[in-house]
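These are the structures, in structure tokens.
Across the two complexes that follow, chain A remains constant while its partner is chain B and subsequently chain C.
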Partner chain A sequence: MSQTHLVDIRGLRIDRGAFSLRIPAWTVAPGSVVGVVGPNGAGKTTLIDCLAGLIRPTEGTVRVVGRDPAAEPMFVRSRAGFMSDDRPLFDLSVARLLRMLSGYYASWDEALVEELLARFRVDPRVRVRDLSRGQGTSVRIIAALAFRPDVVVLDEPGTGLDLGARRAVLEAVLSVARDPTRSVIISSHQLADVERIADALLVLQDGRVAASGPTDEVVQDGESLEETLLVLRASGMEAAS
Partner chain B sequence: MNGLVHHFWVTLRLIGTTRGGLVALLALANCLPMVAMQMFSRHAPHAFAAGPDPAAFAFSLLFVPLARWSLGLSLGQRDDRTSAVTLPLGPRVRALAEALAVLVAVLIPAALLILSASVVFAESPEVGLERGLAILGTMGAALGAMALPHLFLASLDREQPFGWRMAVRWLAAPTLVLIGLSLPGANSLLGYCVVGVSAGLLVLVRGPSPWVASSSARQLGPRPELTRLRAASPLAALRGDFLRGLGRASLRGLGWGAVLAAPLLANGSDGSGEQLAIVATTLVVAAALIAGARPLGLSTRVAGSQWLESGSFGRAWSVLPVPAVNVARAVYLHAALCSTAVLGACALVHRYWVAQHADSGGFAGALLLAAGVVSMASIGIRSTTATGSPRAWQGSWILGGTAAAATWATYFLSAPSEHATFLGALQATPVAAAFVVLALALGLGSALVPVPQLAARA
Partner chain C sequence: MSQLPITLSQASGVPFYRQIVDQIAALVRTGQLRAGDQLPSYRDLAGQVLVSLITVRRAYAELQSAGLVVRKQGRGTFVADTVTTASRAALRKQGKAALRAALDQARGLGLSAQELAPIVRALLTELENEQ
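The block that comes next holds the complex of A and B.
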């Protein structure tokens, strides 16, 4: 198993009731931005939960920063930042919330937090209960980035964000990816945003890998990512019938 | 007037469809403490003996969560969101319409229950129609208890967010308590009702509500320094959060306990040991209950969303670098400490009671049993609500609820008030003794539901 890949998946199968996610092989190299896309129910969130160690694979191996996230969650989560738009936050002021979270990470960067708060225009004095949906998403993104993790995993980071905040997300992602030792995995339905920043794509459909590889190989010349997904979906449905 | 009538019917229709059953249940649930108090006061079926007694006051505290629950849910207000605020009606008109609609909607199921209860009591020579009528009065008071806070809050000016009106709101509840406790003739059934309502009000005004939003809006202070916490390891950080959370929650609880106990002291403090015991117990029990309500002194919220599922507290920790089992253990320990404090306070009162009222030790024993069962069950329920699986959560509720029912059965079967000791009451009715064992076993079972999760390896 390669140590150079920040995420390394081999022969993964996750069974959850009637749904099954299968990924034969998938790696994420340092310095890259990888988009995970697909329709609802394709398995994107299941994959991300598996990377966070919240779900154990039924079969296969998963390594994040070289370790099994289900077996060593403390190690993995102190080096990988996970953001999901529906994960609850503690109902404190943003400042107190971030201060509380800072105690759990040796690499917490106060200056970066200040910078991100300004970039996302979040007032640290406001309580979480008083945040809008978009502001809540921004706070989750800040918490995932603030300890300078090796891998940042963002699940629907564009939810509820206005144009300015979405731009701030993209800038934040690109600033992480500029570091050749770190990488970003971004799962989103904002396909134009993903297409703009992702070096590589993993397209999931009905729990299977419909396409995977560099963005310019997955998305054909003259097409958009949205059109590519529609074509893949149609061909998948054709094959199934 | 047209707006009032229209909104009355709209609210009634809402209650009759989406939330009708819920409102009826909550109204009846609000009545339960009062009925229970009535049952415990065997020598005074219409009204309580003069002056507050610990049992009645303890039961009146049940209004606190019930009132908040019913007020928060019954009219569709939750987490600052209700479509009612967008209606072209003033807050007073809206409040009046909604309060009237709640009363009407509750009246029908309540009347049915009262009628059937009256028939049962009339048939029973031991209880008699008199007590049935007392329950009727109790329910009437409870219905008023549901409507009063709405009217009271609506009468406040929403356009003035800060200033002296805020103080008025805080002073209003203790004032109502004092008025209630000193009402002649209603000494002190209505008084206890008002205690319950006021306590509910106090909780309500602290929480988010469209009607109080302007008043509860916080003025943002100076921008804080975003200095970081430093801990030796994530587990050390969790230990720190556990201790800080316990301390913070206890302080908050003591504050609320003081608010609840102050009217008792103000209502003719004679410095007697009995009164001091009531005040001290109120402080401890309220502090422990409130501290226990928030695991680690924290609550969770999905920004911009209305509902939180059980287990959301655990999910909020799920991507932090601490094992889930350590978080679950901390939550369990927090709940266990708070429940132990409640039980300890009740045990002290029991000792005091038995020393002062040797002839009614049976009643005190029954109360202690109830406190023990509820304390045990609440450990399991609170833990599984915060970090348990849906199945564990259901299990703890079912076991805890059954334990509470078994405790009630014990009380009614053993009639402990008629015995000098609870043990004597149980010896006289072996069936009741069996229910005691059952209640304790179920309560313990509820407390132990999270244990398999806690025993897992980190």
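The block that comes next holds the complex of A and C.
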């Protein structure tokens, strides 16, 4: 299996009740930051769950670090770090929680954890249940980065974060992608942040790809990503009517 | 210079690549970057100022087509050697505009070009003697 792309999707169809997600082709090159954007219900989380091996595609092939995540979830999870803002954390102190997680990964980087805790201003002595929403998000991001995965997948990493922590997210994302062998996939409603750091965008709308490609091709000159999404949404509704 | 003193403003509404171009051009103009100085790699600058690689690449491409920097295959991006000449030319252009404005003002007093010519020549002689 070719390792030229860290994510390689072909002919993907996922049916879940009345909703269906279709992505004819999508790849993530090493050394890049890719933004997945679109309104709620567009299919962003379905896509991410599929990359994590939590959902089996109805049709098509999905490869993450060269493997099928539904068939080899353990392998994929050892090389791809997934962060989501709504999964519960064990109620321990932050330090103990991270130490527990470190046992699962040979590549866990203690020095990086220290650096990230400082950067996100999280006190490792605090119990998880006493963390603010934003600090909980920060701990989830740290856990996704700490074992230096080849692919980092961040689902709504800006939720509840103050400006300082949002900046820390951007720094962390770009420091991963500075390594030409690693990539970050970031799904977020904070469009200005995504536009700022993403090399490429996948715009989803009602389970379909509304646009995909390098950021400067998807977003027109002098336009913001927010405006681009509004235009795409309007033309999508026109096409549907 | 290991880190370029570049600060981007989201609020300004000016595209990030344009802000990078303007600020690097200013560093060259003020002599903080000199001919032959190496600029940071795409990835290093992107990580420093928190923008995508695409944005940095675009900024460097603009600087290159403006003749301010040169890319050397496999080695990186450098401030162009010709930059001193280029910036002298820019200064000459500014100087010319300033002189033109002064001459326009003098003509506004009712003096003709023929009357002004000997004055300009005398002033230039004065300048040369001062040096």
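What we mean here is this: the second predicted complex is superposed on the first by the 239 of 241 C-alpha atoms of A that agree within 3 Å, B and C clash if a C-alpha of one lies under 4 Å from a C-alpha of the other, contacts with A are read in each partner's own complex, and residues count from 1 in each chain.
Simple rule for what comes next: a contact is a pair of C-beta atoms (placed from the backbone, for glycine too) under 8 Å apart; a residue touches a chain by one contact, two chains touch by 3 or more.
Keep in mind the model is a prediction, meaning the values are calculated, not measured.
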Message = With the two structures overlaid on chain A, would chain B and chain C clash, or do they fit side by side?
response = fit
Request  = Look at A:Ala198 in the shared chain and tell me whether it touches chain B only, chain C only, both, or neither; answer first, second, both or neither.
outcome  = second
Message = Quick check on the superposed pair: does A:Gly136 touch chain B, chain C, both, or neither? Answer first, second, both or neither.
response = first
Remark   = With chain A at the apex, the angle to the CA centres of chain B and chain C, rounded to a multiple of 10 degrees, reads 140
Inquiry  = Contact-wise, after the overlay, does A:Arg77 reach chain B, chain C, both or neither (first, second, both, neither)?
reply    = first
Ask   = Taking the superposition as given, does A:Val65 touch the first partner, chain B, the second, chain C, both, or neither?
value = neither
Winner by number of chain A residues touched, once chain B and chain C are compared = B
Message = For A:Ser32 in the superposed arrangement: first (chain B), second (chain C), both or neither?
response = second
Inquiry  = Tell me the contact category for A:Gly160 with respect to chain B and chain C: first, second, both or neither.
reply    = first
Inquiry  = In the superposition on the shared chain, how near does any CA atom of chain B get to one of chain C? Answer in angstrom.
reply    = 27
Task = Please identify the positions on chain A that touch both chain B and chain C, taking each partner from its own complex.
result = none
Remark   = Contacts from chain B onto chain A in the complex sit at residues 79-80, 208, 218, 220-221, 223-224, 226-231, 234, 237-238, 240-241, 298-305, 308, 312-313, 315-316, 318-324
In the complex, chain A residues that touch chain C = 31-33, 167, 170-171, 174-175, 177-178, 180, 192, 196-199, 214-216, 221-222
Note = chain C contacts chain A in the complex at 10, 15-16, 43-44, 46-47, 50-55, 58
Request  = Show which residues of chain A lie in contact with chain B when the two form their complex.
outcome  = 52, 54, 73-78, 81-82, 84, 86-93, 95-96, 98-105, 108, 110, 113-114, 117, 123-129, 131-137, 139, 144, 160
